[in-house]
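Below: a set of structures, written as structure tokens.
Each of the two complexes below includes chain A, the first together with chain B, the second together with chain C.
Moving on, here comes the complex of A and B:
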């Protein structure tokens, strides 16, 4: 009896120690992810402004902040820009990333080295990339306009970041550049897992080049490709550094997205309640994609 | 996908490979070099512009034939303290993130509980929460706690980038530790904590270094928390310094680009030191 008691007590102690291994991380996740998400929901239902910090009062206002957010003249443009920014970035990153991954699948001298160097844009601080591109896209002194003029593509310098009609395109181009390495890396990994035998068998049946891509590569790559696409969407929806660094949401609000709106309402206008409403709308959209992602990931893991 | 998969894929027996692969394909190397040159042109341009004499932006030469270090002198004079602040915050984030995440990763890798999948799910989802949501809530909380404009405040906030990532990537490594090694130590009377410190951590040294480098890089690159959680010049990371350069009419690109080059050094060091782990890092945070 005493022996069993002691063993049971040892067992319980063991469990306690195991739980302690997880406790700091669990506490951190709770305080720095759980609390902010809940706090954002609460804030979005309050009149939370600079005054709140002095008086401590944040009166409940129901859904008024959401009404302000959705009713503002910038809501529709921000939704449209968010959609265009996300779609454009993802399409560009994915197509170029897939092409590069396919190219580097072949074995040739230096292929491994070149492929890892390709990662550099992904590792640079985003604000560094923004600053660099901002100098390159400058209307008068930028290298891009000088280059295009020398090629004869354009006659007049293009105001990439100062004209409302092209600024969103410029921001998308920069974000594509930033996202290519991530796409290459994951897609390259996916390509590596397609058995070489499939291509050999395909070649016997005459499937080479594009045919091999459509009938062998694409169907086998689809699970990885879906994960890359969904993750890309979730990451792109929340992009802030690139836009703030390049255009600050301007010119004439041409590059306002939901994330930029949320930042500006909270930290420029100090309307934390409205900012929270914007970011909750953003979370809701992300959540839809996150659920899709998790379903896919689970399938990818199960298989 | 892990590094293991890459290495196994590389060692496919020669007879399974297409015969052509055995001949060197220099044409492919040339095309690959060209692609890399296009992709990395902005990085080259950053370095080039940083070496141009200041005030000469209208006619920036393609090659820095007469390199000027004026930009770097200005950068270090104006941004030196900010670089130092970034360094302190990033090192703090590494220490804090590893201390919190490594035991959790071990537990999630080696013990069987019913709720482990739920915990992993929560960690994955946490990576998808927009930083602005966290900043919004932390600003209010930090204001009450007096953590605005403070290094500990930024270390804690920056750890939100690092901790979920470190847990996932270290767990992937620790899953490969044979439980028998730890069990042997336990039989000899070592407690769980002691076994973890004296056996698991030394075995996982490589993954600790990789995860630590990434934690450093995440924190070093952070811009959003620096922007929202600091309001004075007391504590100003270099990313915010660059942003402030951009906010005022940019007249001196060589100083901005010199700061950008200095801020890129950790990324370059990571690329050189941990090259083979980076691919695992890129995917480790994304796919469980």
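Moving on, here comes the complex of A and C:
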């Protein structure tokens, strides 16, 4: 009896210590992530204007801001653009990232150096990348058009950022470039985890090249790949700097996404409530993906 | 499961920064002490050479008033966010510089003190500048200098083509067409999807008799049609929808545009390409007898409501001092801007003759918020959207504003 009591007390103390260690992290999350999310929800239900910042008065308006957001004629295009931007970016980043990760799995001279060079897009501030890309994509004097023209790929300059029908593709391409390092780094790590013996055994059974990839690499990489994809989706949904830097949502609203709408309503039109409504819609969409991911993982554990 | 919940947290972490953060805390010190020996200043002149020029003017005034200044400069696009954060935490600076179209928006929050309260003399200033700084009948700030838009032209290119600087739209159109050769465009301007695009459209719209309160009028459509024509005929690049005014300057400085619509604040950087010989005239008018009307730019110095009356009074003195005749002329000469006291125009143009066209333009210039007040952001958004719709052939100039408004 006494023995068990002591053990239970010890057990409790251990719990207390664990909780104490967790507390700073939990507090941090609550303060810096919980508070803004709650504040954002509250704000979206208020008439929040520049005046509010000084007076603190923000009358409740119920769902009026959501009605404004969803009712605007830019809502449907922004939804579609967000979907296209996210899907296009993710597909490009992932496929190219995976190819590069596979490529770097082999050892060859300078592979370490090249791999670190590949991180460059990640290290550059987004505002710098987008400014650089903006000049490279210039219709008349941009280096990309000059390059393509010299190769004979195009006759007429491509209006990368100046035609409403091409601009979205251009921002997707730049965002793919920005996202490749993240994909390569995580996928490369994932590839390193796959034991070499599997490939050796596979080779004995005649699984080499693509066969080895489908039957050995891909199944073993799946957990990492799903993390990369879900994080990629969540990151890409909220991309703002790249679009603002390249096109500002133009030309003629062709690159408006939910994130751009949220920014413009808040900081260009000073309609903070409507801006918050837009960003909450975005958070909801992100949550859907997070939940899908959780479901996927739970099933994997159950099996 | 552990891994999954971690990912969920990471996912939350990834989206949370999108949420707006409002900083709380902080309290105003409102003890009305008699002696004021230091003031805080916030402005957006964070780039050289403006940063140093403004510092010079501030230092001179600080010495006169017997105070020390603590100055903070932030990038232009961050200023309003900073001001809003500071007003919610009651930590506004003693002296605040604002871009003139933002003054009414900020004055409407109740965060600024009317200069009347401190007996500041506002006589002699250009009416457009006072209009911009006036909210509900009270003046909230003074600007030492102003700027506006004009037509810069490359002297050598015009001479080579035998062209006189254009005064009317017809002349501008003809000149732009003639000056377009190879990889050079006749004219460059900004039609970007920001307020810069709207601001550059205003001289055409206003000069033609269009009004920002009635964007669907034929006069506004005619102005848009004129710009649209320049792009569709190839006299101006299709890239104008993606060019900021700095990009326009770069095109001009690189010799890729023979003329450009731009402001005198570009002159210091144009001086870095001395091989480009330029001059400037007022923005051309549509018909004979029209007066060129351009938008008034420039920054206004204001006194926020900090609760410390003694400091506010001192701040008002500082605002008055920065806009003194002597400071206006000094700043105007250094920064290629125009004094806001109209009486100083003659003396200024004598000293800086290349600013003659801009000085004349400022005399008739209008403020963006004079009629619209707090409605300016919304209207400016409709304007640049309409411009972009027309220039990218998504709408005709006649229907562009209707389509842009339906957002």
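One rule holds for everything that comes next: the second predicted complex is superposed on the first by the 254 of 303 C-alpha atoms of A that agree within 3 Å, B and C clash if a C-alpha of one lies under 4 Å from a C-alpha of the other, contacts with A are read in each partner's own complex, and residues count from 1 in each chain.
The rule is short, and it goes like this: a residue touches a chain if its C-beta (ideal position, glycine included) is under 8 Å from a C-beta of that chain, and two chains touch if they have at least 3 such contacts.
Owing to the predicted nature of the structure, the values given are computational and were not obtained by experimental measurement.
Asks: Quick one: chain B and chain C on chain A, clash or fit?
Replies: Overlaying the two complexes on chain A (C-alpha atoms) leaves chain C and chain B clashing.
Asks: Which partner chains sit in contact with A:108 here, chain B, chain C, both or neither? Use first/second/both/neither.
Replies: Touch partner of A:108: chain B, not chain C.
Asks: So in the superposed three-chain picture, is A:162 touching just chain B, just chain C, both, or none of them (first/second/both/neither)?
Replies: So A:162 only meets chain C here.
Asks: In the superposed arrangement, does A:247 touch chain B (first), chain C (second), both or neither?
Replies: Second partner only.
Asks: Thinking of the overlay built on chain A, is A:238 touched by chain B (first), by chain C (second), by both, or by neither?
Replies: It touches chain B and chain C both.
Asks: Just chain B (first), just chain C (second), both, or neither: which does A:294 touch?
Replies: both
Asks: Looking at chain A, does chain C or chain B touch more of its residues?
Replies: For chain A, the partner with the higher number of touched residues is B.
Asks: With both complexes superposed on chain A, which partner does A:208 reach: first (chain B), second (chain C), both or neither?
Replies: neither
Asks: Contacts for A:51 in the overlay, against chain B (first) and chain C (second): which applies, first, second, both or neither?
Replies: second
Asks: Does chain B (first) or chain C (second) touch A:282, or do both, or does neither?
Replies: both
Asks: Just one of 6-14, 24-32, 96-104 or 132-140 in chain B hits chain C in the overlay; which is it?
Replies: The one stretch of chain B in steric conflict with chain C is 132-140.
Asks: Where on chain A do chain B and chain C both make contact?
Replies: 29, 32-33, 35-37, 39-40, 43, 52-53, 134, 138, 140-141, 227, 231, 234, 237-238, 240, 248, 259, 262, 266-267, 272, 275-276, 279, 282-283, 286, 290, 294, 297, 301
Asks: Mind listing the chain A positions that touch chain B in their complex?
Replies: So the residues of chain A in touch with chain B come to 14, 17-18, 20-22, 24-26, 28-29, 32-33, 35-37, 39-40, 43, 48, 52-53, 100, 103-104, 106-111, 114, 116-136, 138, 140-141, 143, 177, 180-182, 185-186, 188-190, 192-193, 196-197, 199-200, 227, 231, 234, 237-238, 240-241, 244-245, 248, 259, 262-263, 266-267, 272, 275-276, 279-280, 282-283, 286, 290, 294, 297, 300-301.
Asks: Report the residues of chain C in contact with chain A in the complex, numbered from low to high.
Replies: Residues of chain C touching chain A: 1, 3-5, 7-22, 80-81, 84-85, 87-88, 105-106, 108-111, 183, 192-195, 237-239, 241-242, 254, 256, 305, 377-378, 381, 384-385, 388-389, 391-392, 394, 406-407.
Asks: Going by the contact rule set out above, which residues of chain B touch chain A in the complex?
Replies: 1, 5-6, 9, 12, 16-18, 21, 24-26, 28-29, 31-33, 35-36, 39-40, 42-43, 45-46, 49, 57-58, 60, 99-101, 103-104, 106-108, 111, 119, 121-126, 128-141, 143, 156-157, 159-160, 163-164, 167, 191-193, 196, 217, 220-221, 223-224, 227-228, 239, 242-243, 245-247, 250, 253, 256-257, 260, 263-264, 267-268, 270-271, 275-276, 278-279, 282-283, 286-288
Asks: Would you pull the chain A residues touching chain C in the complex into a rising list?
Replies: 29, 32-33, 35-37, 39-40, 43, 50-56, 72-74, 134, 138-141, 159, 161-164, 227, 230-231, 234-235, 237-238, 240, 247-254, 259, 262, 264, 266-270, 272, 275-276, 279, 282-283, 286-287, 289-290, 293-294, 297-298, 301
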